[in-house]
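Okay, so chain A shows up in both of these, paired with chain B first and chain C after.
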Partner chain A sequence: MKRSVHLVAKRVLLPLVAHRVLLPLVGVACVLAAWEATLIVYRLPAIVLPSPWSVAATLAELAGTAAFWRDVGVSLYEFIAGYTLGVVLGVAIGMLIGESRHFRMAATPVVELLRFIVPFAWIPLTILWFGTSYTGKILLVAYAVFFVMVVSTARAVIHVEPTLSRVGTMLGMGPWRLAWQVHLRAAAPMLASAARAAAAIGWIAVVAAEYIGASAGLGLMITNAATSLATPVVIAGMIAIGIVGAGVSACIGLLSRAWLDYR
Partner chain B sequence: MARLPVNDMRTAVSDVVHAGELVVDRVFHRYVVAGRPTEVLRDVSFRIAPGAVACVVGPSGCGKSTLLGLAAGLLRPSSGNVSWDGASVRIGRNPHLGMAFQQPGLFPWMSVRQNVAIGLRTRGQSRSDAWRIADEFLDTVGLTEFKDAYPSHLSGGMAQRVGIARALALRPRLLLLDEPFAAVDAFTRLKLQQEFKTLLKLNRPTVLFVTHDVPEAIALGDVIVVMSQRPASVQRILPVAREERDRASPAYARKLAETLECLGVTSDIGDQETQ
Partner chain C sequence: MATTLQPVATASPRRFPPRAVAWVLGAAGGAVAIAAWTLLSHLLAHGGGVINRLPGPLSVVRELIRYAGTDLAKDLAFSLRVFAIGWLIGAAAAAVTGLLLGRSRWLGKVFLPVVEAIRPVSSIAWVPLSIVWFGFGLTSKVFLVGLAVFLVVIVYAVDGSRRVPADLERTATMLGMNGWQRFRSLVLPGTLAEVLIGSRVALMAGWGTVIVAELVAADSGLGAHLISVEQSYDVPAVIATMLCFGVTGWLMNGAFSFAERRLMPWRHDGETHDR
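Right after this comes the complex of A and B.
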């Protein structure tokens, strides 16, 4: 009995701990060590590059303030609204492009041109049109997300296994049902990975827009801290951006896994 | 003389039209392959009487699957006409139709049972009816214990059986089968062939059955349509008599030799399966 407990610990628990906890910690430790080493080698003052420990302390301090959570909330709100809008519109238009040859012919030049105008090129215009309000940022995120989703959806729908379409028709499905029940569903794995990539781009777009003109949000928090040379706050803010972004991506990954449970 | 289930159209073109009759009338079909038009079917004509089983045999790549696509309304012939119930086959939905494809084309996001039931649902059956019928047909193809599995967990032969169950569950008036037993092991194939014959007696659909297996064609067909090389036309139409299905009989051996000869295979390997 005791031996079997021992075996479980050795064969199951140990590798699990090693893989899920130890290895990620090793990765983080390497980065922290490089950071610390840079400080020592170049003798940088705290105002240029603060130590990891003071940044951690600042982050903990920030997490205790309402203002920080308001900034996180604003950025997340802008992101979620824009992301949802971009995904819904992007999948819808992508479906149309994939399903209808006529629509594809009409839409392709517009899509191909616009998708190379990076979201950041739109920031001056959004400020001109919408000021520092949420609307400008929401639209910017939607724009960034939209093009990722349009292109992936259209491609996925066009490449759905032709037999599946034939089977759908044979089973009595009309064009709408075929699009909705077969093509969209068959495209799901590609859409899920596109949705994750789009989330990263959308989150970057929010923060970038806030850097340049905003009344609240994590991007603004960082620019404000930088103008008053509060370097630990800048870096703590950056880390917060990374953590929230990774969290968002993980949530989308979980959602899509539920959708793709058949694999 | 008794009317054969299948007549050569060249001898009887505009006969009286029967409900449940499939007529292929001077069909030509061309594809564009790598920018070059390729002729697949050249002047193919035959008809299948209501409730008859026609097995199409021919060299691989001769356009047998194309023929099924035309009969299913998935393709439009380059010229000529395919008609069912006396009217040209419509492109798109055809509620009289059930088809099993060579690659079964199961929906990977649906369980086996849902895959069989979805066509019944699309055609307006209630969910409980659809599931009951799906379960029945999964039982016939011997997959009851896999009804909750997803297609990614099935072997090729099992997936093909689900495809057959899905086509049969629709209880179609016209049943099109594209080498449905090809990926199934020999024992299961024999069993399925027998069960298939019993199932056909239930609602007597008209059947167009593509196979490369001549013994299978003799076992299942009322008539064998022998196709030539591409561009394919109908080489011969051979009726199969009941006594010719008995694999131990000399009549069977003669039929096999005759069919193989039409296919250009010498008959001294006549007691082996082609391919």
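Right after this comes the complex of A and C.
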């Protein structure tokens, strides 16, 4: 018994730890070493490329300031408000497009044209219309998320197993109940993965909008740092953007999984 | 009355071919959208709350024609050049890196987690740093586009290099192919096919990055034009430039989907998201 536990530890646990933890750490160490070596060999000043340690120190220092958390809060607020709006509207319109052939035919050219005007191209217009307020960014995120959700929802609803619809009709469901109780649920897994993709795009849209016109937020923080050549702050800010983005994506993954399990 | 048993010649529901219906309905949808836009621009003409000015479609079209007659070709050529160079470099780098990381077990285990850690930091987040490093010129934009394309294509390249069917590989060994021959005629084509698909998926990510990079580091290109008309509060010109971006993206996507269908008819990937 003890022997077998020992064996499991040796055969399974050790390689797992080695492959999942040690080897990636070696990779990170290689990258950090290359970074340091570049600094030493080319004698780069901190303005061009600060050392990894000074970036880490800057990040720790930033995390202690209230201004940093205010920027994170503003960006997250803009993201969450816009994301919710975009997902709700996108799924609703996507359902309509998926359910009604005629509506699909009528809406396709307009949706296709607008879809290819990427959200970033709207940034100057939102600034002209809404200034540097939150509203502009919220609408921008909603726009970005909306089109991802419309396209995926419509495709998911169109590709719902036809047998399901026939069973529903046979059970006496009307078109609305069929859409709400059968098609939406059958499409749920695809909607969940689209929601994650949309979150990534929406988060980038927030950051990009803040570069160009904002009064607070992570994007503004790193452009300001770049114009004053505070490169450690720029890189620390980029890392923060990455961490928040990954966190948001993970949260949406968890939420959608909880929702799918509940179904 | 035997005649009543004959099938009654009702009006067929498919009297119009569906193609024609789609065209008519599509045109109607577009007309409704344009009518709504015109109506809204009239309603908002005399101070419409936050949206201080919305030009009608006609003035946008007029602006579009004026722009097409002056600087459009030059700006578009600049943006497309940035895009093409960055896209080619990014896709090539991703193909090579993906082959290395995908085919070598140890390299993959060591460096793939690093790539995965960098991927959530979107290329857009690199814009300020790239300006610090490379200034406002062509280099910084090419770097950003290359990075955007690289981060998308690398996933496809690693996947493609690993997805060579085991049967094929065994057959090739049995036929006496050596390692290099197997690589050249099995692994490389498989990877390149996936890289091609990844490059099409990366089109919109790359094009979006061109826009942001040109908006922030504005010196020339469509994005720079967009920022300059924005700063002179010329709303019709802003909307006209946005349309140029949209149409260009649409054309590129269409051309690529067409090429993909022609080159790889067996792959029906459908459209995937940007990431």
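Side notes on the structure shown:
Everything below uses one rule, namely that the second predicted complex is superposed on the first by the 223 of 263 C-alpha atoms of A that agree within 3 Å, B and C clash if a C-alpha of one lies under 4 Å from a C-alpha of the other, contacts with A are read in each partner's own complex, and residues count from 1 in each chain.
Keep this in mind: a contact is a pair of C-beta atoms (placed from the backbone, for glycine too) under 8 Å apart; a residue touches a chain by one contact, two chains touch by 3 or more.
Predicted, not measured: the structure shown is a model, and the values here were computed from it.
Following the overlay on chain A, a side-by-side fit with no clash is recorded for the pair chain B and chain C.
For chain A, the partner with contacts to more residues, out of chain B and chain C, is C.
Once chain A of one complex is fitted onto chain A of the other, the partner contacts of A:32 are absent, as it touches neither chain B nor chain C. Once the two complexes are overlaid on the shared chain, A:56 sits clear of chain B and of chain C alike. Once the two complexes are overlaid on the shared chain, A:129 sits against chain C while remaining clear of chain B. With chain A as the common frame, chain A serves as the apex of an angle whose CA-centre rays point to chain B and chain C; its value is 80 degrees, to a multiple of 10. Of the two partner chains, chain B is the only one that A:161 touches; chain C does not reach it.
Judged by the touch definition given at the top, the superposed model places A:174 against chain B, while chain C stays out of reach.
Superposition on the common chain A brings chain B within a closest Cα-Cα distance of 5 Å of chain C. On chain A, the patch touched by chain B and the patch touched by chain C do not overlap at any residue.
On the side of chain C, the complex with chain A involves touching residues 21-22, 25-30, 32-33, 50-53, 106, 109-114, 117-118, 120-122, 124-129, 131-133, 204, 207-208, 211-212, 215-216, 226-227, 229-230, 233, 235, 238-239, 241-243, 245-247, 249-250, 253, 270-271, 273-275. In the complex of the two chains, the chain A residues touching chain C come out as 19, 23-24, 26-28, 30-31, 47-48, 102, 105-110, 112-114, 116-125, 127-130, 135, 148, 151-152, 155, 194, 197-198, 200-201, 203-204, 207-208, 211-212, 222-223, 225-226, 229, 231, 234-235, 238-239, 241-243, 245-246, 249. Of all residues in chain B, those touching chain A in their complex are 69, 72-74, 92-95, 97-99, 101, 103, 105-111, 118-119, 122-123, 150, 152, 166, 170.
Taken together, the chain A residues at the contact with chain B in this complex read 161, 163-164, 166-167, 169-174, 177, 182, 185-186, 188, 260, 262-263.
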